[in-house]
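Structure record follows, encoded as structure tokens.
Chains here go by letter, A, B, C and D, matching the order in which they are written, and residues are numbered from 1 within each.
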Amino acid sequence: MQYVEDIFRTLLTCAQGMRITMRHLLFTDNITVQYPDHKRVLPERFRGVLHADSTKCTGCTLCARACPVNCIIIEFEGKGKDRRVARFEIDISTCMWCGLCVEACRESAIETTLEYEISCYVQDDMRLKFGLGPKKEQLPAERAEPPAPQAPSSGQTGGPSTPPESPGGSAPGGQQP
Amino acid sequence: MQPVTASVGAPDLKDRLDVLLTYLPSFLSSHGEIVSAVFLLIVALAVLLGVSVYVCLAVWLERKISADMQDRLGPMRVGWHGVVQMLVDPVKLALKEDLCPGAADRPFFMLAPFVVLAASFATFAVMPFSAAFILADLDIGVLYVASVGAGVLVGLVMAGWASNNKWALFSAIRTIAMLVSYEIPVGLSIVTVVMMVGSLSTQKIVLAQLSDAGMAGWHLFRFPPVFMVSFLVFFIAGLAEVNRTPFDLAEADSELVAGFHTEYSGMRWSFFFLAEYADMLIVSMLGTVLYLGGWAPLTVTRPLTIDFWVFWGMAALLAWYLHWLWTRIYLPRGEYGLIVVQTAILIAIALALLVVPSLAWFLIKSLALIFVMMWLRWTLPRPRIDQLMYLCWKVLIPVAFVNLFVVGVMRLYWR
Amino acid sequence: MEAIDLIFWILALVTCGSAVVVALSPKLIHSVFALFFALLGVAGLYAALGADFLAAAQVIVYIGGILVLLIFGVMLTNRIGQSHLPNELTHGVSGSILAALVLVAVLRFAGAWRDSGDPAWARTYRSDEVSQLAKTERIPAVKNTTMTLGVHLLTTYVVPFEVASVVLLVAMIGAASIARKEVD
Amino acid sequence: MPTLAPSLTNCLMISAIMFACGLFCVLARRNPVSILMGVELMLNAANLNLVAFSSFVHPRSYHLGHCFAIFVIVLAASEAAVFLALLLSLYQQLQRTDVDAIQSLKG
């Protein structure tokens, strides 16, 4: 009879569930830790905050192309031996930690670190800047720029530290040859 | 498993507390009505205070137990494993602002928490904490508990209506439907016990279960399957009566924000909280009184009785568990020397239990039931409202009726 | 003044005051909640008069049942968007006159402004007389109302008792069939 | 002179006041819920009288009034159940709760 069977199955499944919770109460260790005091040992290949070594970087923008969310902005200047990465920014508020950029890089210039505590007070701090900066003669021009630490539209459309002589910096994704 | 005939009569007053509570009132009443009234008031306030302390403790325990069941840590910051949390929470609530929404029905909005709280706390008047420690041994004790529950219902509805908030109102409607339905199985399962005892007085019900055989005298083990079913019905319906998960549809936070106390804050909100936990205690205490022998202690010293096996078996299990825990946390496995120490400690605790007053037995049994409630809460999901009604009207009530009939026949032929 | 007098006085005040609020409150829901306190007061009066079982029954049935039904009725049959449901008076003047007349008449019979002693029907027994009666006529002096009530309901009044249960059943079936939506 | 003590006269007076309030509710209100509340008040007043008489006047059989009061409570309960059903069907048909609106005998 379905009715009686249902009642017994209800009781049985309740008991089963209670056994499971009791097992977790008594015999299972806590997974969570008391965070700022104790931190879990991270696995070796943990994908944390990205770090780019702009001395290794050739400016090929393969990483920026590989990025599904376009959070990497690369600008470079000069030709041949003078070619240098002037601007290399990663917007980690957009980054989704997929690691595709790391796989795309031929020079191992961009890497994931074990760092994961990325809270900050200013939104601009979420944009990690690894670029070598513009050449020295261009520096005064940049200094002349009025400082705008919190640009309202500082998503992918170029940060506040966009050099004035590079209008392409405002292009979405910053994919520039 | 026929119980030894209960020795109904004047209980053996071996507890110091009971001796005090038996002779003090008569001594005080010889000094006039006012003195004894003041004494009664003090005892009542002590019960109130005790319940408040229990609520603080239960909230902390619930947080820790739920956390551990979900492999979390729970409160850890304030004090050792967050123990001081139970002092900090009420202080925080007391310091919060007491808000009243502009569109609310102000007088009843203000009044509702007090109605709920008063109704909850009034129930403790008939709870037999021990042979002498009962505020009022009414002839209609159990009926009184059932009737005071109606006050809680009205208070909740009052809160839900006066908030002038649609979720609160939905919650009020659900509360009415649910509580009115679940009163029936609770009442029917209470009646089975009342039929066995022949009295509504809570104290007499406990005395009827008092026997030399200890556990075998409990109503739970009478006519083996019958009263267990009765207890199960009582407990399930009692869970619904106190709005506990899995039956907390009145405050289902995924649907109705927080139900009837959506608009409340500060102390008034804490009154609802207090009342909810006090209600849990009431249902557990009532279950203890009706089925688990109330304050009757276990007779663990007599060898080869059921009590003996159950009690020492559980003690051994606990010793084994403590040893397991100890080796797991602090030491590598295989340190078997410790088990001797731990077993010794446990035996000491168990021996200490033998001399604890009946009040402690009562509290231990009630708190065990409360633990089961918490256990269930963190195990089961919440049913839909129609499933809830199905459970009540099509499962619990028929089962309770059949059970009542069986108990009636039993009572008629096998006294 | 003894304690029981004070309690009785408070209960009387609560009951009468709530009853007046029930009658005169301009908001429907206030009336319902005032009825709660009136019923509670009556239960307290029962308890003060020694009818403890009746007091509990009063609370269970009236507050747990009828009052809740009333609230349910209010909630289901009004647009409950606004909590301030008005409660209009139609025949306020005539109603109040009639009610006042009845009040005065009943109070007169009940004993207000009565100069001479109690009439024969209102002869009350003092406690010593009760104990005397208990001795002579074997009436239990201790009022265990629950037991006495149970015995009498199942012996003396067994026919009304059974009829009452049939009435309840009929009322339940009738209510279900009236409230049922027409399904054709 | 009435005293404060629980006496027959005092109980009768309380119940008289309750009865008058209930009567006023029944006579002057239009909402059926209010009318039922009036009826309940009157029933309670009657019950109070029964209990008072049985505990003060008739010590020989104090159960008599209590039994009667229990029957009154039973009847009040069944009455309330039927009332709620009527109220609901009235609201379903007329979309308002007003006893003045019930003017036809046809269902």
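Please note the rule applied: contacts are C-beta pairs under 8 Å (C-beta built on N, C-alpha and C of every residue); 3 or more make two chains touch, one makes a residue touch a chain.
Not measured: the values here are computed from a predicted model.
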item: Farthest chain (mean CA position) relative to chain D; value: A
item: Chain centre separation (chain C, chain D; CA means) in Å; value: 7
item: For chain A paired with chain C, centre-to-centre distance based on mean C-alpha positions, whole Å; value: 72
item: Centre distance in Å when chain B and chain D are each reduced to the mean of their C-alpha atoms; value: 36
item: Distance from chain B to chain A - Cα centre to Cα centre, in angstrom; value: 52
item: Residues within chain C bordering two or more other chains; value: 2, 53, 57, 65, 72, 145
item: Arrangement of touching chains [line / ring / star / complete / other]; value: line
item: Parts of chain C lying in touch with chain B, wherever the complex brings them together; value: 2-3, 27, 29-30, 33, 36, 40, 52-53, 56-57, 59-60, 63-65, 67-68, 71-72, 75, 80, 82-84, 144-146
item: Chain D to chain C touching residues, read off their complex; value: 2-25, 27-34, 36-38, 40-41, 44, 47-48, 51-52, 54-57, 59-60, 62-63, 66-67, 69-71, 73-92, 97, 100
item: Sites on chain B touched by chain C in the complex; value: 33, 37, 103-105, 108, 138-140, 143-144, 146-151, 153-154, 157-158, 161-162, 164, 169, 172-173, 176, 180, 183, 200
item: Parts of chain B lying in touch with chain A, wherever the complex brings them together; value: 65, 67-73, 76, 321, 324, 375-376, 378-380, 395, 399
item: Partner chain B, residues of chain A touching it in the complex; value: 7, 14, 17-18, 20-22, 24-34
